[in-house]
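Take a look at the following structure, please.
As written, the chain order gives the labels A, B, C, D and E, with residue 1 at the start of each chain.
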Amino acid sequence: MGNLLLQMLVATMTSLKIFGLTLLFSLPLGMLVAKGRMAKNPIISNVVNVYIMIMRGTPLILQLLFVYFAPYYIFGSSYDRFTAVIVGYTINYAAYFAEIYRGGIQSIPVGQYEASLVLGFSKAHTFTHVIAPQVVKRIIPAMGNEVITLVKDTALAQTIGVAELFRVAQNASAREFSTMPIFIAGVFYFLMNAIVSRSFDLLEKKLNYYR
Amino acid sequence: MGNLLLQMLVATMTSLKIFGLTLLFSLPLGMLVAKGRMAKNPIISNVVNVYIMIMRGTPLILQLLFVYFAPYYIFGSSYDRFTAVIVGYTINYAAYFAEIYRGGIQSIPVGQYEASLVLGFSKAHTFTHVIAPQVVKRIIPAMGNEVITLVKDTALAQTIGVAELFRVAQNASAREFSTMPIFIAGVFYFLMNAIVSRSFDLLEKKLNYYR
Amino acid sequence: MEIITIDNLQKSFDGLGVLKGISFTLNEGEVLSIIGPSGSGKSTLLRCLTQLEPVNGGTINVCGQTMVSSTKEGVVSYADKQTLRSVRLNLGLVFQNFNLFPHMSVLRNITEPQMHVLKRSKQEAEKVGRELLKKMGLEEKEKAYPDQLSGGQQQRVSIARALALNPTVLCFDEPTSALDPELTGEILRVIKDLAKEKMTMIVVTHEMAFARDISDRIIFMDDGLIVEEGTPEALFGNPQNPRTQKFLNRYE
Amino acid sequence: MEIITIDNLQKSFDGLGVLKGISFTLNEGEVLSIIGPSGSGKSTLLRCLTQLEPVNGGTINVCGQTMVSSTKEGVVSYADKQTLRSVRLNLGLVFQNFNLFPHMSVLRNITEPQMHVLKRSKQEAEKVGRELLKKMGLEEKEKAYPDQLSGGQQQRVSIARALALNPTVLCFDEPTSALDPELTGEILRVIKDLAKEKMTMIVVTHEMAFARDISDRIIFMDDGLIVEEGTPEALFGNPQNPRTQKFLNRYE
Amino acid sequence: AGTKEQAPGVDNSLQKIMDKGTIVMGLDDNFPPMGFRDEKGELVGFDVDLAKEAMKRLGVELKLQAIDWNAKEQELNTGNIDCIWNGFTITPERQEAMTFTPAYIHNAQVVVVRDDSPYTTLASLSGKTVGYQAGSSASNAIDDTPEFKQSVKSFVEFKENLTGLMDLEIGGIDALVVDVTVAEDNIKRSGKPFRILEEELAPEDYGIGFRKGEQKLADAVWQQLEAMAADGTLARISTKWFGSDITVVAK
C-alpha cells in the first residue's frame, strides 16, 4: 500500500510535468493565436479561426494520436512521445486560451486605448502596462475553469503511452485486482484541482484592489 | 473503404445516442441540482456543492469506471454498460449544467421577482413564465460550449466497453495500418460540432428579439 | 371609507430601526403623497405594505382585511395565504425602475397578469390592455419590446400593467426618478389624470411641486417617523415642524 | 503667437460629412470655447486634432509643425511619425468620461505617462504628481484607486494626468457632462483657475454661463461648420446668425 | 513499411541496431505475466526476462517502452519502437505487415467464465455476451471461429483486459476471451472465482514482431533464443513464470 502510494506520487509528478509544461507553452502561444485571430489581415484571421475550430471541435485524444503519428506519415520522421504529449496539449490549450484572451482584450473599453494614445504611450507600452493587466483580471474565472480541465485532461496522455497518474492507477488496479488505486487517483485529481481552484480564488481576491 | 464508412456511421449513431440521452436527462437534472445548490437549507446546499466539486474535479473516465463497477462492489449487483455510460455522463453533465443554470438564475434582477410577486403570480408561474425564459437567453453561450464538450466526451465511453465512433475508428486504424480512420473520425466529430455550434448560433439569434 | 389603516408599523434591518412606528389611514379616492429625505424609510413603507418586506411590528389593514397584526409583546402574525393574496390584489405597485418583463411584448406585459391572476380570457385581457395602452398614449407600441421604449414609455406601460388588475389603491415609488427631466412630464401628467378620475393613490415622490399639485394629503417622513401630516396648503404654506421647514426650504 | 492653425478641416464617416470645412486659429494663452448642438461635430473636431481620428482633408498646424496637410485635389498627407509624436505631446486631452487607468493608483496614473513618455525618473515624476494633486485638492487621495473616487475627483485626476506632461494646449471635451450637477462645480473651478494662469485651452462645453465666463473667444458650430465666432460678449450679447440666436435662446 | 532511409531490398536492420547499441522493445505494461509493472513500477514479466537475456547476449542495450496496445502498429512503423515482444500472436494479417520470428511459445485464446456459471463449452455461450481486449489477437481468434462468433449475442471490446475481467466478475459479460497465459496468471493472482473453459479458440503462436523487411534483425534475435534454449536458460525463465517449460524453441 505504501509502495502503491509512492508509485502513484511518482506518476503524479509526470502528470504535473505535463500540466506545468503545457501551461508554460500554451499560455504565451495562446496570446499569439489570439493576436492572429484578431489580425486585420483576413487570411491570417481566417486561417487561425479554422485552427481554433478544429482544436475545439475534435477530441483531444484524437489530436494526441495525430500529433504523435502524423509526422511520420508526412515527413518520415518521428519523435519522443512525451514531446508529442506536450505539443498536443499545447496546441489544443493554446486555442482555448486564445479565445479567452480575445474575449478579455475585446472587453477593454476603447477609451483605455485612446487615453494611452493621446498621452503618447507606445503601442507596446499600452499593451503591457494598460491593457494586459486589466485583461488578466477579467479572464481569471474563465482561465480557472480551463486550467482545472487541463488537470483532468492529463489523464489522456496514456493514449500515446505516457505513464501518468491514471495509467499507473489502472496498472496497479490490474495487478491487485481492485478498484482502490483508481479511487485513490480520483482523490489525487480532486486535491490537485482543489489547489488550482484555491490559487485562482486567491489570485482573484488579490486583483480585487480595483474594480 | 465504403464498408469502413458504413461501420463508422453505425458507431456514430451510438455516439449520438449517448449524446442525446445524456442531454435528455442531464438538462432537467441539472436544474434540480442548481435548485439544491441554491437551497436555503445549508445541509442540502453543502452536500450538493460537494457533489458538484467532485464531478468537476475528477476525470470523467474515472467517474465512468466508478459508476459502472462500484455498485457491484458495494451492493453486489450490476447493470448494463450502456446504462452506466448514460448515468455517468448524466451526473457529470448535470453538475456542469447546474452551475450554468445557477449563474443564469442569479443574474436575473431581483426586480423581476418583486414585480411578479406584487402582480400576484404564483411561484411556479413566476419561474416558468418570467425567470426561465430570461435565463435560457442568458445561458445559451455557456451551454453551447458545454454541449460541444459533450460531443467530444462521447469518445470516452469506450472505457467501459461501449463501441462508439472513436473506438471503431481506432480498431479500423489498427486493422488497416493507417491513421486514415482516425482522421475520418476527426472529421465526423468536427461536423457534429459544426452542427451543434450552428444550432446554438441560430437559437441565440432567435432569442435576440429582446435585449 | 377607509381603505388602508396602518397602525404603529415597525421595521428594522439587522436590528437597525428603519420604520419606528408609522400610523396613518387612507380613504377611498384620496391621493396621499409621502415626502421626506433620502433614507427616511419611504420605500420601505411601500415595500412593507405590498408584502415585499416582512414587518417587525404593527398592524396593516387593507379594504377591511387584516393583513398583519401584532400583540403588545411584539408577536407578529400575518393573515393566511388566501387573505394575503387578496390583499395583494387590492394594491398595485409601480416601481421606480419599471421592472417590466423584457422578454414579453408591451401588450403581453399587460395581458399576462390578467390571464394568470384574474383568469381572464386572452381576448378580454387584450381588450383591456389595448384600452389602457390607448389611455397611456401608447396604442402604437403594443408589439414593441420594453427595451425599444424610452424610460417614460416604459414607466407608462408599467402603470398600465398595474391598472389592468383593477387595484383599489395604486402605489408609486418615485415614479420619475429614473427618468430624465424631459420624460418626467409625461408620467406626472398620467398620474394627474388618474387623480382626476378619483383613483386612490399613494405617491412617494421628491417632486414637491407635483406633490402639492395632486395630493389631498401629504405626509412628511424623517428617520422612520411621520413628522408632519396635512393638506398641501398647510404643509407647504405653513409647516409646523422645524425639520419640515428645513427640508422644504431646500426646494424653494 | 499662433499655436494651432486649422484650415478647411474636413471629416466624414462612411461618406457622411461631419466636419465640412473648419478653419480657426488659437493663440498662446487664449481660452477658446466651442459650443453647439449635439451632433454638430465638436467632439469629432477635438478627436481629429488629437489624432484619434484621421481627417479627410484640410491642414492642421500645431506649434509651427504641420501635422497634416492636403492638396487641392484632396490628397491628405500626414507628417512623419516623429513629428506626429511631438505634436501629440503638445496637446493634452481631457476626456468626457475620464478614461483613467483603473488598475493604477491615482498617483501612478499621473506618474506613469511622465516616466514612459518624458523619461522622468520615478522620484521626479512623483514630485510633479504630488504637486498637481495638491493643486487639484486631492493630496489625500494619491494612494486611492479611480473607482474609489467620485466622478468629479476622477475628472480632476485626469486633468492632472494631462497637465503632468506639460502640454502647450489643453483640450476638454464636455468635462462635466458625465457628472451630476453637484460635482460640476469642482471641475469648472479647476478650469477657471487654469484660465487665470494663462493656460492655453480649447473647451467643448454646453455650460453656457461657464463658457461666457472663462472664454477669450467662442466658436458656435452647427452641422459641421463654424456658424459664428467672437468674444463672449459679442456672441451672447448680440448673436448675428439666426441659428446662433435660436440655440442661445434655449439656454436663457 | 520499413524505415525510409533504407534503400529497397537492402536489409541493414541489424547493423543499425548494433550501431545504435540499443533496441527499443514495445510492450503493453498491463499484460501480466508477459509484461507488466511490479509494485515498484518496474517493468517485469516473462517476455521482459527473455528479452533482457537475449539482448545481453546480442550485445545491445534493451530499452523497454510501454505503449498503448491499440497503437502498436503505428508505434512500430513510425520507429518509436524496434520490436513488439509481448505475447504477440502471429497472425496472417500481421505477417503481411511485419516480419516475425518463429514461434517461441504456443498459446491459445481461451474463454474465461465465472466459476458459478453453467457454461462448459463454446456452444453453451450461444446468445450470451462475450468480451475481449480491443486490438488484441482475441479478436482474430474469434473471427477464425465463425460458428462461435455467430452464436454469441454480442461482443464487448475493452481497452484493458482488467476492465474485462472486472466486468466479467460483476456480470456485465458472460465470458472473456483472452490468452491462456494471461487467464491463468490472473486467476492465480486475483484469487477471483473464475475458471477457463476446456475448449480452446484458435490455438496460436507467440512471436516477436519487427518492421517489415527487417529479417536480419529478427534472425539475430532468434539465434539468441535458440542458444538460450540449448543451454537451459529458456527453460529456467519459463519455470519461473509458468511453473514449467512451455517454450517451443528448438523443440
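The rule is short, and it goes like this: a contact is a pair of C-beta atoms (placed from the backbone, for glycine too) under 8 Å apart; a residue touches a chain by one contact, two chains touch by 3 or more.
Only a predicted model underlies this, so the values are computations on that prediction, with no experimental measurement involved.
K.L.:
Looking only at C-beta pairs that count as contacts, which pair of chains has more of them, A-E or B-E?
P.N.:
A-E
K.L.:
Roughly how far is chain D from chain E, going centre to centre by Cα mean, in whole Å?
P.N.:
82
K.L.:
Between chain B and chain C, what distance separates the C-alpha centroids? Give it in angstrom.
P.N.:
It comes to 46 Å between the two C-alpha centres.
K.L.:
Chain C to chain E: how many Å between their CA centres?
P.N.:
About 84 Å separates the centre of chain C from that of chain E.
K.L.:
Using mean CA coordinates as chain centres, what's the gap between chain A and chain B in Å?
P.N.:
Spacing between the chain centres: roughly 22 Å.
K.L.:
Where does chain A touch two or more other chains at once, residue-wise?
P.N.:
65, 69, 73, 179
K.L.:
By the touch rule stated above, which residues of chain C touch at least two different other chains?
P.N.:
none
K.L.:
Among the residues of chain E, pick out those that touch two or more other chains and give their numbers.
P.N.:
71, 74, 77, 166
K.L.:
Going by the touch definition at the top, which pairs of chains touch each other?
P.N.:
Applying the touch rule to all chain pairs gives A-B, A-D, A-E, B-C, B-E.
K.L.:
So in the complex, the part of chain B that touches chain E is made up of which residues?
P.N.:
65, 68-69, 72-73, 78, 80-81, 158-161, 163, 167, 170-171, 173-175, 177, 179
K.L.:
Could you pull out which chain E residues touch chain A in their complex?
P.N.:
Per the touch definition, chain E meets chain A at residues 4, 29-30, 32, 36-41, 65-68, 71, 74-75, 77-80, 160-162, 165-166, 186, 189-192.
K.L.:
Sort out for me which residues of chain B touch chain C in the complex.
P.N.:
109, 111-112, 114-115, 117-122, 125, 129-130, 133-134, 137, 209-211
K.L.:
State the interface residues of chain D toward chain A in the complex, per the touch definition above.
P.N.:
50-52, 85, 88-89, 91-93, 95, 97, 99-103, 112-113, 116-117, 145-147, 161-162, 165
K.L.:
What residues of chain A sit close enough to touch chain B in their complex?
P.N.:
Residues in contact with chain B: 53-54, 56-62, 65-66, 69-70, 73, 148, 152-153, 155, 166, 179, 182-183, 185-186, 189-190, 193-194, 197.
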